[in-house]
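First, the structure itself, so that you have it in front of you.
All chains are identified by letter, namely A, B and C, in their written order; residue positions are counted from 1 within each chain.
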Amino acid sequence: MIVTEFARNQWYVAAYGHEVGRRQLGRTVLNEPILLWRTEDGRAVAMADRCVHRRFPLSESPSHLVGDRVVCGYHGFTYGPDGVCVAVPAQQRIPRTARLRTYPVVEQDSFVWVWIGDREPGDTLPPRAPWLVSPDYATVCGMEPLNARYGLLVDNLLDLSHETYLHGGYIGTPEVAETPITTEVDEDAGIVYVSRHMDDAACPPFYAESTGIKGRITRWQDIEYHPPCLYLLHSRVAPVGSPPPAADGTDPHAFHVEVVYAITPSTENSTYDFWAVARDFALDDEKVSDFLRDSNRTVVLQDVAALDTLEQVLAREPDRYQELSVNIDTGGLAARRLLAKMAQAGAVRPEAAAR
Amino acid sequence: MIVTEFARNQWYVAAYGHEVGRRQLGRTVLNEPILLWRTEDGRAVAMADRCVHRRFPLSESPSHLVGDRVVCGYHGFTYGPDGVCVAVPAQQRIPRTARLRTYPVVEQDSFVWVWIGDREPGDTLPPRAPWLVSPDYATVCGMEPLNARYGLLVDNLLDLSHETYLHGGYIGTPEVAETPITTEVDEDAGIVYVSRHMDDAACPPFYAESTGIKGRITRWQDIEYHPPCLYLLHSRVAPVGSPPPAADGTDPHAFHVEVVYAITPSTENSTYDFWAVARDFALDDEKVSDFLRDSNRTVVLQDVAALDTLEQVLAREPDRYQELSVNIDTGGLAARRLLAKMAQAGAVRPEAAAR
Amino acid sequence: MIVTEFARNQWYVAAYGHEVGRRQLGRTVLNEPILLWRTEDGRAVAMADRCVHRRFPLSESPSHLVGDRVVCGYHGFTYGPDGVCVAVPAQQRIPRTARLRTYPVVEQDSFVWVWIGDREPGDTLPPRAPWLVSPDYATVCGMEPLNARYGLLVDNLLDLSHETYLHGGYIGTPEVAETPITTEVDEDAGIVYVSRHMDDAACPPFYAESTGIKGRITRWQDIEYHPPCLYLLHSRVAPVGSPPPAADGTDPHAFHVEVVYAITPSTENSTYDFWAVARDFALDDEKVSDFLRDSNRTVVLQDVAALDTLEQVLAREPDRYQELSVNIDTGGLAARRLLAKMAQAGAVRPEAAAR
């Protein structure tokens, strides 16, 4: 069964840095309504998106920012970036309990990460996706909201055999579904690795158009999933017969694409699907950027359509519906297991969670 | 109270034969998602519309047919017409349990009937509506989905006094509501008969336009309901004063219309309303066909609007809301009783039903 | 917490008198579906909006009036203004229980009030809003349906500090939120009074445009809430420095606007928001009427948007979500207390309520 509990006390991507600015942004992460904005000196802030007075959303018009303060659009309760209420209508005294919960924020690799949980993050930092801000890579990105539980997106991304069927003509070719995978789990680090190396495969339009390769390719898909939120696909394509990577790790004869997903549960049946495609070639070629942005968005929207359909299907299934897992599912099953463990470890009393 | 339980271990119309072809068709019958398609040699097939792997609907794009096989559009699991899985991605071995439930199918009288139940149908065959494929009749037909429980459509069709009010100007005249009915129930065969013979009635546009009769008519409505699914209305109209049917059953002075409904429960609050109108006159007159198709569809859509409204009303009523039944309801009440008996007889343990 | 129980055995505004005529009007008040129509001699009638036969709504087409009778559009059951069924299809005998519940009606001050409850109203009469039909006032009015529980509208109207933020540029100025209120409760009469007198305030467009005042104003807001349904705002504006009202109550130097709301709960999360604005100046000036109608409707729609948003927020909150009340909330809190008391006093056994 798909994992649907949330793993609390973890970092989640709430937004891209470029989405957080001087207009408030509202996002719901693990059912918590979160207000994101940036102070005048550029710091990203995350706080509860509900006024303490009557629960009006601070992200909704006519709520607005005035300098480094958020003013509620209903009765004007006003808050600083630390969540403390600094103004109340028609009186000078401000109740001491007038304070919004704030969330630890880390801005890193183009993402705004927020910590969702009851404990403090301490030394725990979000996992890295450095390519997205590296000068050696050119990146396109986007986010598509999913009307499906996040476990369906985890399943989807851990088993790329679906590229052949769902994304044929874009990124899938017959070899993806035909080629067996190897799966490894680093239990201590909590990482799932899934690899599929195709020695001689058709080159799908996604790579043919962007790299200019005409013939068949060697295609490697090396997945590295850091549950709950970060998914990395190290993709290597090279014309068949090209030399392999050198012993020192350099690999000048191949094209490298780092496909990054952040899988952020919003509610029990909705998810933010952040996606980014970073390449180490044609860095300044806008046409390649446009092509990859359009292509990957199309592919993501094919996933969205399929997973939204599946969510509707599962919503009508009895509680313990039947699945049948085969070899291609080993990565997804390992991910489910780690997520269930994390959910259990991060679980808190409902009273605390409901705050 | 309206019957809302389903009568299992019965035949239901899932589609018209002409709807089932070389593209997959998905229908939900008694809450069971069913995939309908036709093999290359023309045989109609019905099977579970959910891939055994991750429940993706086989009726949804990009799932597709290849010869006599259905390929799931998500990961390519492939099935034969017997439901057996014949291909799985990235491995040769196919799990023995990879098999879709199939449904007994009878194609008859233009309908594709499926057997919904846990027992086998054995010698039980669906009831007949031979006019729909008879060379002595010309038929128009259609299907309208209803957002209402099937019991509301049973009620509606068993009590035609509503024609006067809901279908005035189309098929209703004052005499329908004014004329008492006679009701008979064949308990052994499980058939409800409701008859209303109007000796001298206005001719509604539905019959005036199609038959060319100018004056008043003798109008007979003889209902024969074979619960749960098949409803026949033997309709006879003739100018007032025309001779009655002969002793041998021939009736050359009257016009005969066989109005057939198949009432197929889809979910607890949705229903397929299949309707067909077969006439024994003006067989080759396309204008008459077009008129009857448009008129009957209009009448059915008036029912759809009223029953969808009623469903919304009943959904907000307390569990044991009040009804008041009168003489016109004897047919509907008899139908409810037979349906409740059938539902009880066909009931199975929930575990089995949920499969 | 907001009051969401209904106060039964009370008068509620179901419609404006001009809405009730020779076509049936359906309204749902405290979850009860009510049919409103006017007899040929002009009397407003309120009765259950469900046919006794199969629950078809008598307000829905093709149900219709014939003289002083309502004919059900499904099977023609026919009712007089006393709710008694007078015709049934295909039979002469009419069951004695074929009778619709009727509701006590008072037509007063442009409103059609209905009594919702299990006891009779006796001598209890609805509260008054005489300005709406007074020749000394000119009135504009409207009704906006709210997809929010009625308690949110009570909160909204009892605390006008929100005018500054939600209705800035229309009816709010900074002084409204800055000026403290005084609150009084008449426990015996069951009335909440909230007053805010601004001695020197900016004149918002709502009053500047309608009165022609150019400079700053003295602005009085005197609220008189008669729970559950009637809300009166006695609004007085005059140029700063104008003489106060005379000892005899006359006040020739000020402009007076009587803003009237009727707050009628429809379902647990929907409400009828009736609003009227009566002025004692520019009585025959259509431009002023048009301006005030447009302005107040805009203001009401700003409330509708905010309260519909809040309803969505509260629907997802845990049962005992947190609020923080301050001085401006004293009126709203008093109203909640009176409403809770009324709900308790009017409560009846669920069986009786469900009828």
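Basically, a residue touches a chain if its C-beta (ideal position, glycine included) is under 8 Å from a C-beta of that chain, and two chains touch if they have at least 3 such contacts.
All of these numbers come straight from a predicted model, not from anything done at the bench.
The touch graph of these protein chains is complete, with an edge between every pair of chains.
Of all residue numbers used where chain A meets chain B, under half belong to both copies. The two sides are thus made of different residues.
Centre-to-centre separation between chain A and chain B, using Cα means, comes to 47 Å.
In chain A, no residue reaches two or more other chains under the touch definition. Remark: chain B residues 31, 33, 50, 52-57, 60, 62, 71-76, 88-91, 95, 97-98, 354-355 touch chain A in the complex.
Those residues of chain A lying in contact with chain B across their complex are 155, 159, 161-162, 164-166, 168, 177-181, 306, 309-310, 313-314, 316-318, 321-328.
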